[in-house]
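Each structure below is given as structure tokens.
The following pair of complexes shares a single chain, chain A, combined with chain B in the former and chain C in the latter.
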Partner chain A sequence: MRAVEPWVEGPLAAFLDESAARLTLLMTSAGQVLAQHGFTRAFDVMSAAALGAGIMASTDELARLMDAPPFRALAHQGVQHGLFLSGFDTPQGRWIGLVVFGPESSLGLVQLFFQRLVADLAKQAPTEAPSNRVLGSDFEDELNASLRTLFGQ
Partner chain B sequence: MSLVNFTSREITCKIVYYGPGRSGKTSNLQYIYGRVPEARRGRMVSLATKGDRTLFFDFLPLELGTISGFVTRFQLYTVPGQVYYNATRKLVLQGADGIVFVADSQARRFDDNLESLQNLQENLLAHGVDIRELPLVYQYNKQDLPADLILGPDELDDALNFRAVQSFGADCLSGNGVFETLRGISELVLKRLAAGSRVA
Partner chain C sequence: MPEFATALDSITRVHGVRGAMLVSVSDGLVVAESSMDGVDGAPVAALTASLAGRLRRTTEAAGRRLPTFIHLRAATGTVLAVPSNDDLLVVTIGAPDINVGLARLEMLHVAERGI
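== the complex of A and B ==
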């Protein structure tokens, strides 16, 4: 499991234990990854986050067209895996959770413990604004070197 | 908005390729995908129609390397260019750290470029973002076409580049200008981040 903010780790670990989810991804509504469990390649995490955020953005927009509040969650049941996707508000802004589960779990179990995860995150979230730590003074030199390496110039 | 993870020392930035339909946004990503070493990029995800027109977005995750101890990743997105898909275009713009405006250099597409640029401004405003404050570069694609069919970079700068930002003549199919454009927007986005204005 990896998380951008350490305070996310406790609630997420509890969710993983109880729900038996295979993959879990927490992201911002723009698709930036905040925490993940179960993915092996960083690039796969980013693709899953982009697609999950796209689905949630589409359904939120459909709800808006219907003058309805945003859909809380949606689920897909496949042959081997189920997928649960839900948007929720935190003190840090609107987040999205994407959960993939197998036959050892169920949609009901995932939904139940996801609600607890959302409540735990709300309790654990720091109330003060995040510190505005700037990057090192050598950042720009190294940036130029990396750009030369990648683009071969 | 860029995400800086000080714990795992990772930076992730979102760059959106915007422009009128068939201007070459997807071609940019396809060229980059084909040329960047496999270890530095993920799979390219394309949500397209059966006719290969972008329906929702194309997505390409790219790793720039380690900068100042931070693994730096870019998420490259395109938007669907067709007028019909404005709702999805607006969604993809959410949280963008930088924009590449891909204009079609053909003289007959001039109005389409203007319309798309106005649409970009409107859609950013819908997210509360002023186009004058976001890193932006222009790419004038299809500069390889016969000179009597296209407008040159200077003419397009006069018509579209109201902020006098960096612009690049390009021919995405052969790759001319593709990496120069990506490098230009990468520098703008990361230097803005280095200045500390958008650290999450």
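== the complex of A and C ==
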């Protein structure tokens, strides 16, 4: 498990321990990765983050078309793996969690401990706004720095 | 799902029962619940389904038959579970002084009806 922000590590470690999730990704609603567990290649992380953020953006737009509040979570159950995707608010802005779990866990367990993760992150999060916004010329440097942190390279 | 509610009502009439529910074992999600006042069923469903799944794997690995009745006793309450069909679990939450024998009979009755 690796996190760009150190304060994320404790709550995420507790979530991984309790839920037995195989893969977990925490990212901003723009798809910037903040923490990951289980991924071995940077390319996979960036692809999953982009796809997850895209799905959440699509469902947010669907909700807007229906004059409904944004959907909180989305789940897919496959033969071997399940996928849970959920957006949540933190003092640092809106984040997205993507969790892949196997038969040793369940959607109910993942949902249960994801709620705790969200509450723990809200408690641990620094109240000031993020210091660096990843925009324009900083983007590539920030992306490379995040990937180095997330993969220890 | 009135048939679910009727089946579960027979359990919740037992002395000491605070609520009963049907839980999907593979998902750990509540399928139906009855009289769960003051009890958040979702965490109980997720954790009981996980426990039942682990017990099933344990007994299979030990070459024994699958559990037919699970009884958890704590200082402030009791959780009972009976596997129904392949993927459903009848779960009852009760007080420490719950009438376990009668609750078990009603739960087995619900499970045998194949709901």
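Convention: the second predicted complex is superposed on the first by the 128 of 153 C-alpha atoms of A that agree within 3 Å, B and C clash if a C-alpha of one lies under 4 Å from a C-alpha of the other, contacts with A are read in each partner's own complex, and residues count from 1 in each chain.
Convention: contacts are C-beta pairs under 8 Å (C-beta built on N, C-alpha and C of every residue); 3 or more make two chains touch, one makes a residue touch a chain.
The structure displayed is predicted, hence computed values, not measured ones.
> For A:Leu51, is the partner it touches chain B (first), chain C (second), both, or none of the two (neither)?
A:Leu51 contacts chain B only, not chain C.
> Have a look at where A:Gln77 lands relative to chain B and chain C in the superposition and call it first, second, both or neither.
In the superposition, A:Gln77 touches chain C alone.
> Return the chain, chain B or chain C, that is in touch with more residues of chain A.
B
> Identify the partner contact of A:Gly108: answer first if only chain B is touched, second if only chain C is, both if each is, neither if none is.
In the superposition, A:Gly108 contacts chain C only.
> Just checking: does A:Gln32 make contact with chain B only, chain C only, both, or neither of them? Give me first, second, both or neither.
After superposing on A, A:Gln32 lies in contact with chain B but is clear of chain C.
> Could you please specify the touching residues of chain A with respect to chain C in the complex?
Going by the criterion above, the answer is residues 77, 103, 105-109, 111-112.
> Which of the residues in chain A end up touching chain B in this complex?
2-6, 28-34, 41-44, 46-47, 50-51, 54, 57-58, 61, 130, 132-136, 138-140, 142-144, 146-147, 149-153
> In the complex, go through chain B and note every residue touching chain A.
Listed in rising order, the residues of chain B that touch chain A are 1, 3-8, 12, 14, 36, 40-43, 45, 47, 56-57, 59, 61, 63-70, 72-73, 75, 77, 87-88, 91-92, 94-96, 179, 182-183, 186-187, 190-191, 193-196, 199-200.
> Taking the complex as given, what residues does chain C use to touch chain A?
Interface residues on chain C, with respect to chain A: 23-24, 26-29, 42-43, 45-47, 49-50, 53.
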